[in-house]
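The structures come next, written out as structure tokens.
Here come two complexes built around subunit A, the first alongside subunit B, the second alongside subunit C.
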Partner chain A sequence: MTDLQHPHPALPHGGRGAHGRRSRPYVGSGSFLSCCPFFLITLCAALPAGAEPTTITLWHAYRGGEQQAIEESIRRINGARADFQIVPVAVPNAAYASKLTSALPRGNGPDLFVFAHERIGGWAESGLLMRLETRIDEAELDRFFPETVEPLRFDGSLFGLPMSFKSDVLFYNTSLVEHPPDTTDELIEVASRLTDREAERFGLVYEVASFYHHAAWLHGFGGGVFGSDGSVDLETPENAASFAFVRDLVARYRVSPEDANGALVTEMFNAGRAAMAINGPWFLGEIGDDVPFAVAVLPVVSETGLRGRPFLTSEAVLVNAGTRHPELALEAALALTSDDSALVRALEGRQAVANRAVWSDPRLAGDPVLAVFRAQLPETVPMSNRPEMRSVWEPAQMALRRLLRGAATPEQALTSAQHHFRILTRPSPPEADPTPYWVALALLAAAGIALLWRRARASGVVHQIRGSLHAYAYLAPTALALVGLVFAPFVVATGVSLFAHRSGEWTFVGLRNFFWILSARDFGVTEPMSFYFTLGVTVVWTAVNVALHVSIGVFLAMLMRDLWAPVRGVYRVLLIIPWAVPNYITALIWRGMFHSQFGAINDLLELLGLPEVAWFSGFWTALAANICTNTWLGFPFMMVVTLGALQAIPRELEEAAAVDGAGRLARFRHVTLPLLKPALLPAVVLGSVWTFNMFNIVYLVSGGEPDGASEILISEAYRWAFTRQEQYGYASAYGVLVFISLLIYSRMVRTVTGEGKA
Partner chain B sequence: MATVELRNIRKSYGAVDVVKGIDLEVADGELVILVGPSGCGKSTVLRMIAGLEDVTSGELLIDGTVVNRMSPRDRDVAMVFQSYALYPHMTVRRNMAFALEVRKAPRAEIEERVAGAARMLGLEALLDRYPKQLSGGQRQRVAMGRAIVRRPKVFLFDEPLSNLDAALRAQMRVELARLHRKLGTTVVYVTHDQVEAMTLADRIALLEGGVVQQFGTPDELFHRPRNRFVAAFIGSPSMNFLEGELVRDGDHVAVRGEGFLLRTHPDRLGGSAGPGRPVLVGVRPHDLRVVTADEAASFETTVDVVELMGWEALLYLAFGDRTLVVHSDAAPVSGLEPGRPVRLAVAPEQVHLFDAETERSLAAPVETPSPPGGGPGRG
Partner chain C sequence: MTGRRAIEHALAHLLLVVVCGLTLYPVLVVLKTALSSTPALGLSGWPFPTELGFQSFVDVISTRDVQGRWLFGRQLLNSVVIAGATTVLGVAMACTAGYAFSRFRFPGRDLGMSALLVTQMFPGVVMSIPLYLLLDHLHLLNTITGLVLVYSTTSVPFCVWMLKGYFDTIPLDIEHAALVDGASRWTIFTRIVLPLARPALVVTALFSFMTAWNEFILAATFMGDDRSFTLPVVLQRYVGDFGTDWPHFAAGAVLVSIPVMALFFALQRHLVGGLTAGGVKG
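So, the complex of A and B:
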């Protein structure tokens, strides 16, 4: 899912490492494998010291060349040491961060792990990382570039040893660009020459809407994320100037496509339709063998004279504070970052290693690509490792997207970003006293049990149950499964909704979460991201979808009914296929089709002479795109239900109606439809509940664009839980509210149709 | 009120011919019954008149207009289906009003007509019930009410009584007759029950194998059947058949077969009836008399089974290798025991003669170019 907005890239593109291979299918089960060494360690610890070398586990997310390189360097280290042996574990990088976050606090994690520096702040605050400055000699740090060591410091302590560094550089196609531009004016000039929009060739292609890649310009214009007092301050004139520059790249000079994702950048560069690109070392592994390219340091911003400075990521080895072998783990870490190991990684893994001495090795000197990364290093700004940084991504990216689709000026975009940031980092609600809740719960439970008991006694249910005990025994496994898989999580989630979760801390806050959500505390009621707005969107989404599903499904079923049988069979299969294809695949395909510049839908509109539509830039168009996709997915179900129900309607009734004088439409309205209702009604209820909670389509197609306006309740809850620093309590409260809404809805349906006629 | 005309109507489903050339004329206000065994094509003909099936070839006229291409709703016919086809989700009132509502008739008129039909059929108390709350007979009447309300040109009935029990059927037959007399609308009625046909129809079209075997008044079909099939189908119990040949008997022509010699009547002979011609003799059970003395042209049979049914009796008699059925009053035959010899006689004019090969009646065929009396039939 490379085109998802990744608001806080540990490594952009999910940390593929320098060679950036795409995630392979699940390689090894991290938790299972991590258990084995754990048992080994306990075993080893039980043995008398010195008898066997201690196993030190190292987690990493490397692939391909980098993986081979680190395994080779570990082999050499292990060969030379008798006191410990490093065991590397490759973890799939999509799950890496969350695996660490869940394993480290419980002492289940590795002794060492390789990670980008950006999460250090959060982990250090949670006490998960070992402080190193007291245990090692400062002289040990001399061998590293200081730029790679600084990001590993937090709160006065050092938390890791640098292994390699990554940043954006300028990639260019040497057959198109002779001499890489050194200033932005040159960049624009070169790019303009090489842009031919008709042929879909662009001078500069990069993920313009990604805040990570925007960093070069942000810093080049003298701006930055943090203000002079150390707090996040996005609303500066320098930042606005950088935003204006990017907007001009897209809208004025028109040398960059306005909405490119990673896959598009790769595709265009490899097809020779992108003269230049801004990307990091992972891009190297994606460039086709037949594309002649070179890299260069990013240009100087002509307006300010400052060089464009991208974010620096320092990939380091970090030590788990809960490791059982602190001294040996540290020794292992030092060995991994020794100059010898670094050389192996540089030569075999083509990493831009943090060790200075390695760079003078003649074998490395001949690599022009690595040399550029080395040259870019002094012109980088390390991503802040403070926990607030993680909350900057979502607002900043939203601001960029609004800017690029012309919905805001640079100043407006940054102001809203700051506002958004403030809300995401607001402190949790004050702790509440759980006593009244316990009392209420106890009373409810007692009342419930008493009521049930009385009813059971009165209706003789107990006697009945005793009489058919074995029947209940047969039902028990299913009931247990239901309890375990449905009821228990539900109860737990309801419990969680009474807490607030911040950086690993749980605070009991009672009903505050609900109060905050329902009182639209953070956002105006009519603003996106307010519960009521999202509820409204969800209701509209559900209603329109179900209406379309039913009408299209019924219409097609009526058409198919009169077809010749073999033809009907063929069509039935064809029309089921949308339903049968896994819906996330469908969603991604449709998303691609709705792309404003390269999508098939706009191509079709162009062909028909109609104006192109920027689908995800407007609320109604984004909603329409989502609805279109979901309808394509949903109508087969209704069609099949209707086909079945139609079989049960005797032909004679319609013949009688025909003779009585009813035309096609009247027959349908007065005879067929009323008789379809008993079958359609449960289908409609089911369909509306499913659509209400249709996370996949909303998340994957529009992704909540624009600015979260097309989110529905369930995708909003997801974001609170998984993209906004694990605010599980708040998200659970959303979930409970969704449940309550659906409960009310199904009650309403029952009342309305309960007294319905035949 | 209208006439219905079928001119050489054919219906095929692919290679299968179901209706093979039918010519019928229904006069204005007449009640014509299409009767025949299952599969004879009568329902198909009815559905073609309604417009629910296409006519493969031939012309169908209603009230003088060719309606082959007309949709059912424009033909102004009302149909009562065998299963009544009542709309289950509508009340009786709405069922009856539906056709008028669809044609956007004014409310007042709808209510008036529905009330009128309900009164005629005794449905007033049931107007607000749903079909599933009605008995079979009640549903049948609602179906008729639905048709009556429309005041169409033609009523089409598709075996409306076959889903009712015997007693109800008899009762409804009478009601139908009364209705027809009252309304005077042209009716085309399909049934497989010849008793219904005989009692209700002004004229009967007896179909078999997709062809009209005979089209005439019940009287004609009963007394002057055109062929063996008609003779066997009409009348219950069915006619007795014997093989024989025509012979000279003095100045008369008689028919001789194994064990019998019967006199014939000139009416039954037709023109070219020469001696030596092999024939099929048909005698109705009712026309066979038990005779005590040795009458001329009587023959001997042996009693097999005696069924006494109160005033009447059915006698099953063995004759050669066949069984003859006699329908008589109970008194003369009550004492007969199985095995007893019994002599039977029949009046010459009641001896039906059919050509042994073609099975056609030897008597001159009765043509009915126009209906008898030219008006609504007997009540």
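So, the complex of A and C:
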């Protein structure tokens, strides 16, 4: 599952390391322990009997070698300390950021956590991180590379201690490339020699559509994300030049594939079909053992003479401002980032650690790969940790994708990116006065109660209620659970829609959110990402899906009904498998199969002599891919419903019709179908409701491609809530509108199909 | 006419086989990837395994936590306990409510039925934050109870609706006779009606189980540490931003799917019966 909860599709957050720290010059816990065991004994004697060391929880998202390394360094630290024990928790990458965002403000989070530096700005503004500069000696920071410490500062304060740094470098297959290119002209020349599109070999393979990986060229052409006044300025000629370069790599020199994702880069490099790749240290764990490779610093851009400078990520240990053990947590953080712990992480996890002294260790000095990461460090640009940076990714990625699809020139792509960015970061609506709303609410409540009272008195309902107490007893558990856990959150969410949320602050804005959404303020009515466009897509998505589910399900059921029972049983078993396998798994598989260059579907098309389709580059094809996946998932339900209903239909009716001369189709239309309707219609209504809100498939298969056009209402609401600077108020308003739309839609379905009241 | 019949039969079989092939294709791809050793998804079209390596399965099953304790086993246990508890709670809630809607006439009955349908329309992803806040207030975060309650309420509306339909098809005569004989409502419910509704109860149990077993997002957000995570959460760890560890992910996917598929196969006869009898009466 790619980035289900993570806001930066391109941004690697592979693993956090825990740094142990034991620095000789530091006058802190190390010297305390080594000089004064006497004090320690006294302390232990003074503690109440049975005192346990404090548990310091540390969250991270490392896996594989990095995880083993951090666990090993934690074991060593724990072995040496009696006052605290670090307990690491490995959180799945996809849920990590949102889990932190939910837990930290509520005081439920860990004491420490490992994260890349780019979120520091947002979290610091919300007061979630402990300021460290007042609590530690500045001399502590001497042991780190300054490039790794600077990104951890925000607004004049220091918020973390660096553990490792990550950036892209140039990987190359040594059996294909003897000498790594040092300029882009050389790069293109070497790559062209090694490209053979027929044999699916490419000279340079990397995620071209990822803004993160594009950074090297962006900075190499003299461009950047921020303008001279410190605000985001994407529409510069330098940036356009970098975009033109990438477009040329793909379309003119044709040395790179158009649509590579991480998995593809890995597969091709391992198969020897990629001579060079641009990737980060996480790639080391994915290269096969039999692939001869080396790394080099990224080349100089020939047009400008500037070296390509990728983004720098400083992975750091951050301290939760709400931790219950601030001193010990800080001690633990210092221990995790000590030189000794860094050495463990460097040797076992192969991390490029931020501690300077570690690099002169002979075991490390002889590692050519890590040496290159070290050499690249001065030629990097740290990602900005300001909150606005987070809103740059989505527009920039879209712009790149549009450019590479050939749908825009570099200048057009950047202009639309800037426009998109402005929309995402527009200021909240002005604060509104809540008084009229309270008045309206009070009036509505009074009117409602008055109405109910009159109806109750008129129909003698009170007496009926007294007589039905036993019924309410049966209903009580369910009603209680539903009211508490379903209706209450929905009411709260509706309430939230009257507010706007920015960086932890809530302002009451009344109906502004709804007004903005419905007046298509940001995007034109017929543009993707406007409410109306998305509503249209959702309606089409639902109608086509349900129609397909029903027709395929009924068709298959009719085919099966006359077969010998055991054989029918076998078919039935096989055909309900899509229903049984968890849908987020199969959604990802289908996404892989629809890959335009190397997916199985296009493979099959090629076999059949048909042209290949770039599935996620066009609106209708992306929609078709989504529908195909959802139909695969949904027809078993309808098939099973029909099979059951067919069992209840007496055959004599159909046989009588046959005797009367009715053909097969006529028999079906006039005898079978009307008898199936009572069973099918409720299923159709329910299926429509489920499909309308089917988040998983749309999010995971097409991801809204191209440019948000294939999004449905529910996935748009999700993006507003979780990936666009947590605009919960706006997202909740969207959610309320989704609910209302669905109410109307299902009412229409029930009217059209003539389904009776339950 | 037999000749024509035979051709029709053959045609039906052919179509069914083709459809089965298409249906099983992605599943075979998952299996193939789980058995292979290359880090990338088997993106070529050939669906059958090219190698038979069980290393990925071994790796996934033998995951250990920092203290060296067997993590996979613990998470499997969590999944089983949570799914089991959800099933019991879900069935209990759904059958009492379904019976009430089916047999009793009371003020608010129609409203209640509509409300059940309406709950299916709530945009779940937007409600996850209020839900988190609510569980926090009740001190139910990072507890099995909290997660079980949330899962139950997700599957209950559909189950109530379905059970009510099934109860509707059970003739009232038996119950009237028992009432005349002096049996209490509760006895009738538990001794007479429930045993007759077994297919529908089976379906309800299966749906509740599936809801809990396959769910990922809420489990990842509400549970606080490794040892309380459920299996799907573990699965997601193999999916990173920059690349998915496909063989391990696929192996994990196969392992997570097996229990549900086994249950499906064992109970599929009941599925056909239980699902539609409810539908016939709406």
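The rule is simple: the second predicted complex is superposed on the first by the 543 of 758 C-alpha atoms of A that agree within 3 Å, B and C clash if a C-alpha of one lies under 4 Å from a C-alpha of the other, contacts with A are read in each partner's own complex, and residues count from 1 in each chain.
Going forward, contacts are C-beta pairs under 8 Å (C-beta built on N, C-alpha and C of every residue); 3 or more make two chains touch, one makes a residue touch a chain.
What you are looking at is a predicted structure, and each value in this text was computed from that prediction instead of being measured.
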Who does A:695 touch here: subunit B (first), subunit C (second), both, or neither? second
Check whether A:74 is in contact with subunit B, with subunit C, with both or with neither, and answer first, second, both or neither. second
If we overlay the two complexes on their shared chain A, which of subunit B and subunit C does A:603 touch? Say first, second, both or neither. second
Looking at the overlay, does A:566 come into contact with subunit B only (first), subunit C only (second), both, or neither? neither
Which of the two partners, first being subunit B and second being subunit C, lies in contact with A:611: first, second, both, or neither? neither
Scan A:366 for contacts with subunit B and subunit C and give back first, second, both or neither. neither
More subunit A residues in contact [subunit B versus subunit C]: C
Per the contact definition in the header, classify A:427: touching subunit B only (first), subunit C only (second), both, or neither. neither
Which residues of subunit A are in contact with subunit B in one complex and with subunit C in the other? 757-758
Given the complex, residues on subunit B that touch subunit A span 50-52, 71-73, 77-79, 81, 83, 85, 87-89, 98-99, 102-103, 130, 132, 146, 150
In the complex with subunit B, residue positions of subunit A that touch it: 650, 652-653, 655-663, 666, 670-671, 674-675, 757-758
Would you tell me which residues of subunit C are touching subunit A in their complex? 9, 12-13, 15-16, 19-20, 23-27, 29-30, 38-41, 43-45, 47, 65-66, 92-94, 96-97, 99-100, 104-107, 110, 112-115, 117-127, 129-134, 136, 141-142, 149-150, 152-153, 156-158, 160-161, 164-165, 185, 210, 214, 216-217, 220-221, 224-226, 232-246, 249, 253, 256-257, 260-261, 264-265, 268, 271-273, 275-277, 279-282
